[in-house]
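Some structures are shown below for you to check.
Two complexes follow with chain A in common, the first pairing it with chain B and the second with chain C.
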Partner chain A sequence: MRVICTIARQVLRGAVRNRVVYAAMLLAVGLAVAAPMAGRLTPGQDVKVVKDLSLAACNLCGLFVVVFLGIRLVAREVEQRTVDTLLSKPIRRYEFVLGQYCGLAATLALALTVMTIAMYVVLGAAAWWRGVPGLASVAPVPVADPALLKAVLLIFVQLAVVGAAALCLSTFSSPVLAAVSTCGLYVAGHFGGELRNLDEVVDSRFVTSLAAGLSYVLPDLAAFDVKAAVVHGQPVTAGYMVLTAASGAAYILAFLVPALVIFTRRDLL
Partner chain B sequence: MSAVRLRELSKTFHTGFWRTRVHRALDAVSLDVPRGAVLGYLGPNGAGKTTTLRLLMQLVHPTSGGAEILGRPVGDVGVRRRIGFLPEAVRFHDTCTAEEFLEYVGGLFGYTVAERRRRAALGLDRVGIGADRRRRLRTYSRGMLQRVGIAQALLNDPEVVFLDEPMTGLDPLGRREVRDLVLALREEGRTVFFSSHILNDAEAVCSHVAILNRGRLVASGRVGDLDLRVRSWELVAAGPGESVQAVGGAAARWVTRIADGRYALELPVEPSPEALAAELAQRGIQIVSLHPRRETLEDYFLRRVAEAAAAAISDDEAECA
Partner chain C sequence: MSRLRGGASVFERGGAGSPLWGRTDAAVVATILLVTFGAALQVARDRETVDGPAPPGIRSVPPADLVQRAALSFEAVLADLYWIRAVQHYGRTRLSGGGAREYALLHPLLDVATTLDPRFDAAYRLGAVFLAEPPPGGAGRPDLAIALLQKGLASVPDRWQYLQDIGFIHYWWLRDRDDAARWFQRAADVPGAPWWLRFLAATTMTEGGDRAGARALWRLVRDAAGDSWMREEAARRLAQIEALDALDRYQRTVDRFRVRTGRAPRSWQDLLAAGDLSEVPVDPTGTAYELTPFGAVTVSPRSVLTPLPDSGALPARPAG
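And then the complex of A and B:
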């Protein structure tokens, strides 16, 4: 565990000094800050637009951070041969991969924390600034609604799943292929329902069977998306949160176990 | 007990898109490196030196055979607490400083924060990086990175040190420092296993050598026990110059005056120099010394590699026939 924490800290340190990660976080914060201006275009819905845009920015920029870092963590260490030095120390290969993943998760948590703080600051300012029109129209949902944290938490779990997939793919494929596959998985994971019901629009039995099969194999990432519900003040129960988080943990495990097995057996050339 | 033991160690790579091409990088190599030895693991490019080191570090897995370090199988994580490794063309996380990187490595050994800092500072001072320890590694030159690599390899005070081409990228001063460092490690009784194709460096520091060619071990042993062939004789004689020239001039390859009344003659291996020495003594010329001039390690290496290549060609021809 000590070794895993040491590696995770190093990954976090490297990410914090990475300009690309900074840029993604700044973009998200910038979107949150600019959201009130977009809100003015939709009278009566401005706070909702701020929340929508801020959460979407968290999700998108978090995704960028996870894919950008996730596909490079193991693949880059192997390509650049920095892994040679580390694996000659008293660590096991699975500890190395787990350390890398924990570092990725910690980076994601840090990025989401910064973006969430920015979102609440903007919402707090909007609530305080009486000049914002339409505040009354969204009552009784509070402007700086704590329920938004539920959406952020599930964004974290969702992106942690995507990060595990990226890491898994990067243990045996090139960074480019891993990036394309991870993005494909992210998109397909949001359309599990559509894949299952593809027979309504496509006649080919083969295609519909394949799509249905894929929908059961791919993680159902849409289940982690409660942004619309919290923005509209609909309840997201604790039970739903726990079950969804547990399914996320299962998906993470399902991606990490093959990653560990592949990396342990692999020749690092 | 051997510090490092290879037993019929082999590694085959399958290359090409369909992985149908077979490349035997290491072919049943057996080798014992005694404790306290400095082994020069020599061979031309592509001989299998780096593959051997990567097998010892478990970065690649053997096709057959095995290896032990300090009596433990190479897969044993515990034994890695007692070894140090400098990879070929070493690269590090370039966003951190040398100090941070060494402290990170210390963390992997489980040292306390204070101990990590102490060892990092000592290691960087030892390789002359002291003043630049807080600069990002991406700003370091190739030679400085090599020094940091050596510092991380020695951070845990290892009993066995593996250095893969440690002189690569270093200027003459840096090479001298690495040579001195290896000699210091030898003085401290540590075992050093270093691969190189720079034979002068190996000759200067090694107690043992192993020569590898096309994945096969072609020679190994103590430097003093190698069958270095006599290439010529060096005879030093004292007497009148005309007499020395008259007697030895015809037989010697060259004659040169090295001091007043003293001359050095290089004589071929055949005929035997004893007859000429006797003739010089009869003319009243004093024989100061008579020494064989043997092959250098480089000559020996080139001869053994050429012999191995010739043997491989004749084997191939025999197979074709």
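And then the complex of A and C:
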């Protein structure tokens, strides 16, 4: 466990110096700060636009972070041969992969934390501008609504699943192929409903059954998206949060286990 | 090639005395100049656009279902984007004095915005205003405005404001008070709806001619009134309905007199003398009704029941 934490710390340290992470976080913070200007374009909906834009920025920039970091974590160590140095020490291969993933997750958590703080600062400023307390309701939800954290939490779990997929793919394919496949998985993960209802447009029973089966095998990434619900003050129950997060954790393990197996058996010499 | 390599290294160092294109300060100055030049060109283009042909704006809107599928996890922010586009399209067309045809993309834009975010309150309510108002102030499509609000109702059935807005469109733009009253009544029936919606429904019903319905509603309001003002106002409205019934009754008496004698009665005295009435009629507040020289029975201007609900307050029916 200690080894995993050490590797994770190293990954986080390296990521903090990574320009891609900086750029993504700066982009998200910039979007959050610019959101009030976009809000001025929409009569009566400025707070909604700030929330929508800030949460979308968290999601999009978090996606950049996990894809760009996730596909390169293992590949870079192998390419630069630093993995030889690491594995020559008393570090097992599974500890190496898990450490890399934990570092990726920690980087994502750090990036989302910075972006969330920026979002609340902007919302607090918006509330101050309106002359109302930050937690005061502005028809019908508070400006700096704590419920937004639910959306951020599920964004984290969603992107942690995508990061696990990226890491898994990077253990046996090139970074470019891993990036394309990860983005493909992200898109396909949002089409679960369409795959399940393919029988409405396709007659072939084989194809529809295959699509339906695929929809249940793929992680339903759309289910992690509660941004609109929290912005509109819709209830997102604790049960839903727990079940969705648990399903995300299951898929993370489902991607990490093959990653561990593949990397353990991989000939690195 | 060697010159290029040398230049690149100088560029990285950015030292003084290196070739001009390789110096950092020169690069910064060149960038600033290029940005300034680009900005100047954009300003020139915008000036040209004001005098020349209208800006292209939005030419087409993809189907809402397609946008929804392509939105992935970014539906809400895309809904905002389409809403902003709808507002800009409306504003641009309105400022240019465009006709109904120029507003053709307004409803598709609103449809995409509300499909992406089915609880987008402003897109439903303000969008309906944009759609219902006749050109050049709007698209002149109250039918689409009602359809948009009904789409909102399908997503948020307890949103009484959408029902009220539909009622308003029927009242103001379609001049259909009966339907308007029905929608106001539906809005009033939604749990949590404000009390004054019953006032609105009852008033509209009275104007539309459904006095029995209006009377029932005003009695409900009077009986459920929490304060004296509301109770007295409901009582006054009930008295107005009673006066409207009485006016119809006395008008028929006057019309019978006119048919029998070939002339309109000059005053109530003529009707008393002819035995058509036993006393000068008074409204529920005790103020005598007035009889005009042309034989029309009205409520006295001195009566607290004046003005009675009538159809004179509505705007002319919009063309198209």
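Criterion: the second predicted complex is superposed on the first by the 251 of 269 C-alpha atoms of A that agree within 3 Å, B and C clash if a C-alpha of one lies under 4 Å from a C-alpha of the other, contacts with A are read in each partner's own complex, and residues count from 1 in each chain.
Assume a residue touches a chain if its C-beta (ideal position, glycine included) is under 8 Å from a C-beta of that chain, and two chains touch if they have at least 3 such contacts.
None of these values were measured; they are calculated from a predicted model.
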{"item": "Clash or fit (per the criteria above) of chain B with chain C on chain A", "value": "fit"}
{"item": "Contacts of A:L169 with chain B and chain C, given as first, second, both or neither", "value": "neither"}
{"item": "Angular separation of chain B and chain C about chain A, which is computed from CA centres of the superposed model and rounded to the nearest 10 °", "value": "160"}
{"item": "Touching partner for A:D84 - first (chain B), second (chain C), both, neither", "value": "first"}
{"item": "Which of chain B and chain C A:R92 touches, first, second, both or neither", "value": "first"}
{"item": "Which of chain B and chain C A:D267 touches, first, second, both or neither", "value": "first"}
{"item": "Partner chain(s) touched by A:G14 [first = chain B, second = chain C, both, neither]", "value": "first"}
{"item": "First, second, both or neither for A:I4, with chain B first and chain C second", "value": "neither"}
{"item": "Partner chain in contact with A:Q234 - chain B first, chain C second, else both or neither", "value": "second"}
{"item": "Nearest-approach distance, in Å, of chain C Cα atoms to those of chain B in the combined model", "value": "14"}
{"item": "List of chain A residues in touch with chain B within their complex", "value": "2-3, 6-7, 9-10, 13-14, 17-18, 80-92, 265, 267-269"}
{"item": "In the complex with chain A, residue positions of chain B that touch it", "value": "13, 54, 57-61, 77-78, 80-81, 83-85, 87, 89-93, 95-96, 100, 104-105, 107-110, 149, 152, 162"}
{"item": "Chain C residues touching chain A - in the complex, by the definition given at the top", "value": "69, 72-77, 79-80, 83-84, 87-88, 117, 119, 121-122, 126"}
{"item": "Contact footprint of chain C on chain A as seen in their complex", "value": "38, 41-45, 48-49, 52-53, 55-56, 59-60, 158, 186-187, 190-191, 194, 221-222, 224-225, 227-228, 231-232, 234"}
